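There are two complexes below, and they share chain A, which is joined by chain B in the first and by chain C in the second.
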Partner chain A sequence: MDRSVSWTDPKSVALLLSRASGAVQKVRRSARPAPAIADRAAPLAPVAAAPKPPAQKEVPPLEQTSDNPSDRMDALIAWTLDHFPCTGAFVADDNGLTLAAHGISEAHVALVGPMLWAMANVRTIPGIDATAGALLLGVNMMSWVEGRSERGGFCLGTVGEQPLSTRALEQLKVALEVTVGGL
Partner chain B sequence: MIDTKILEAAVLDLRNILRDGLVATDIWERSAGLSLAGFNQQPVAVALFTRITIELETSLADSNFPPLSRFYLLDMEGNHTVAVLNHGPILQGMLVDNKRANLGILISVAIPRMIETVARARPR
Partner chain C sequence: MRHTIAFSSLKGGVGKTTTALNSAYAFARRGLRTLLVDTDPQGAIGLSLDGVSERPGLAASVHDGELPEIVKTRLAELHLLPMGTVEAMDVDRFAQEARASEVVKRLVERAQDDYDLVLFDTPAGLGGMTRLVLETVDHVIAVVQCEPLALRSLPRLLELLAQLRETGSSCSLLGVASNMGSFRDPVILACLEELWQLYRDHVFETSIPRDSVFLEASRAGVPLGLLSRRPPPAAAVFDGLVAEIEGRLGVEQGGSDDGPIRLVD
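Coming up: the complex of A and B.
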């Protein structure tokens, strides 16, 4: 290790100063030059266009290839999980009885029964559709759509961090109707 | 006359819906106990559920309860569920393995479908 500079030795002090000035020059060369005041007053250059949010992937329509109700429900659940931001999905009848589910307990699905009953009452208000919605379940959001067939009402729901968009709910509704329409 | 071909087609449809969850089913005339169609038929079950259904209907009537509507369910040991469907003069029993068949599909799809089909098979 070098000995510390003796302030009483003019040569050492001169050497130290020369080293220090060289280091400062290096720093200045590498540092970004500060903008001149004139530059600061200049109008802001047009900012490069902000990156567009990633385009929403087009969701392919659900195609049902089987007549079997269980297969149709499974296809609907798989399609939902593949194309929408959710960790669970289910299909229930309007009494809250599970027809198919993935990533959600039957106890949670059962709340569909009273929920759809409440929605039926909400629909008595003119102009209120109330066939889709979202509900906060602790830390998760349950989003659902309701569809009807000859055999009664059915509900397709998802569970995830965020509620689904209205566009997504419309897509789910179409898929649900395609599925239960063939039962 | 009851169209037994429609009933046989209905049983086949039921087997397709419930697959290996359907253990047995039988469709029979309530008064004569005559089996009309089925799968893995159980003559003892026909006699038993005819008796249970008549007792149930009588008990409900005697207690001024609403009459039996479309069906009743029995939860039995060994993951078995029995559904007895009331088609009027025709009864139907289904023995289902509830670990293999989804009860939602049974109640919301299979039973309503069966009721519609048996109604078509009955004379008008």
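Coming up: the complex of A and C.
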């Protein structure tokens, strides 16, 4: 069995986290600029309750069981819709040709090609390695990741009220690579 | 002042100073009155910012007992307290003198009314100044480079934090910030995935990327947001990170003390 990168036992980490964490008090944004520290003493702040980060559901990795490209794309779309905050999802090739989609409009489909073309131009800027992005479309956010296989480039995108997080984009990228890597 | 936060790690070179400095800048840009304190005897903040390393700071305060002079910046909401100079032979003794003089505690007391946030950049390791700061602050952000050794050392920091809490400290883990991430390197990606798997919701969604622009900013001695008139895209990462930190702190938009801000005082 492969050893984990961290050599760390998950149970001991969970126990440590519970011992090292707790709730928090609230702070308000100040309207005043910060003055220099004044020569007056003040009592210590009341003890802050410990913080509790928001709960997040765990996303299981995508498993592809079919060799049929169409089935694989459909499985990817279904997995994306099931596990991420979006109302629609699509897979396209690097020319913007939609290969599979659910819950997105014709306008969104038409947008994919120019969007990927724009991203390709962005990547010509030295030092910019952009392979994912988000775009505000009226009341919706389109988020997408790009991946490559021997058959060329592909894009997996979502449409929803919120842009996807960095972690979510990475999970989508892995799922896209799992899907197109087997074609 | 409502919150004190330390940026800490057992391992050196993981990006504590870079994360603390750029987060402080981003907090100030969002209107929070922020004081960034360098508690690293090596003076990492001073070494990172042009025009700061020669100023007296915490080191002088430990010796003369007076609270140090705060350095104002071009952002009215951002002030700095550099370390100043600690002689190489005095580094070990410095933490003992800092503890004896209660300089960190007195600093926090004095900052009470003047700042919304006091951020502490700590040296690598868990002894000396790091422990002194962790005994004083409310929250810790563990900074982890996306590489195996940094990942393996993280439980040691948590163990210290747990023990401090069990002996009466109010300090708690606010979150884990992943640094120098890259989705293209398989080892880095494996570290990121394991970090998320082990520490789950404690890991901030915002991952700080490995990007040469950090070296450019370091070379220029400026935070990323001041590297050029049009800041590099990586600067926006810290806007995302501090927004997450605010969320975990429960910082509210507005409130009873919120309102128009005079342009001219």
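Following the convention adopted for this analysis, the second predicted complex is superposed on the first by the 128 of 183 C-alpha atoms of A that agree within 3 Å, B and C clash if a C-alpha of one lies under 4 Å from a C-alpha of the other, contacts with A are read in each partner's own complex, and residues count from 1 in each chain.
By our rule, contacts are C-beta pairs under 8 Å (C-beta built on N, C-alpha and C of every residue); 3 or more make two chains touch, one makes a residue touch a chain.
As the structure is a computational prediction, the values presented were derived from the model and not from experiment.
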| item | value |
| --- | --- |
| Partner chain in contact with A:165 - chain B first, chain C second, else both or neither | second |
| Dominant toucher of chain A (residue count), chain B or chain C | C |
| Touching partner for A:136 - first (chain B), second (chain C), both, neither | neither |
| Touching partner for A:128 - first (chain B), second (chain C), both, neither | second |
| Which of chain B and chain C A:107 touches, first, second, both or neither | neither |
| Partner chain(s) touched by A:151 [first = chain B, second = chain C, both, neither] | first |
| Complex contact set, residues of chain A against chain B | 67-70, 73, 91-93, 95, 97-100, 151-152, 154, 183 |
| Chain B residues within the chain A interface of the complex | 16-17, 19, 102-105, 107-110, 112-113 |
| Residue ranges of chain C touching chain A (in the complex, touch as defined) | 1-4, 30-35, 67, 70, 72, 76-79, 105, 108-117, 138-139, 148, 151-152, 154-155, 158-159, 161-162, 165-166, 170, 172-175, 183-184, 187, 190-192, 194-203, 205-207, 211-213, 232-233, 240, 246-261, 265 |
| List of chain A residues in touch with chain C within their complex | 4-8, 10, 12-13, 16-17, 19-22, 24-45, 47-48, 50-51, 53-56, 58, 127-129, 131, 165-167, 170, 173 |
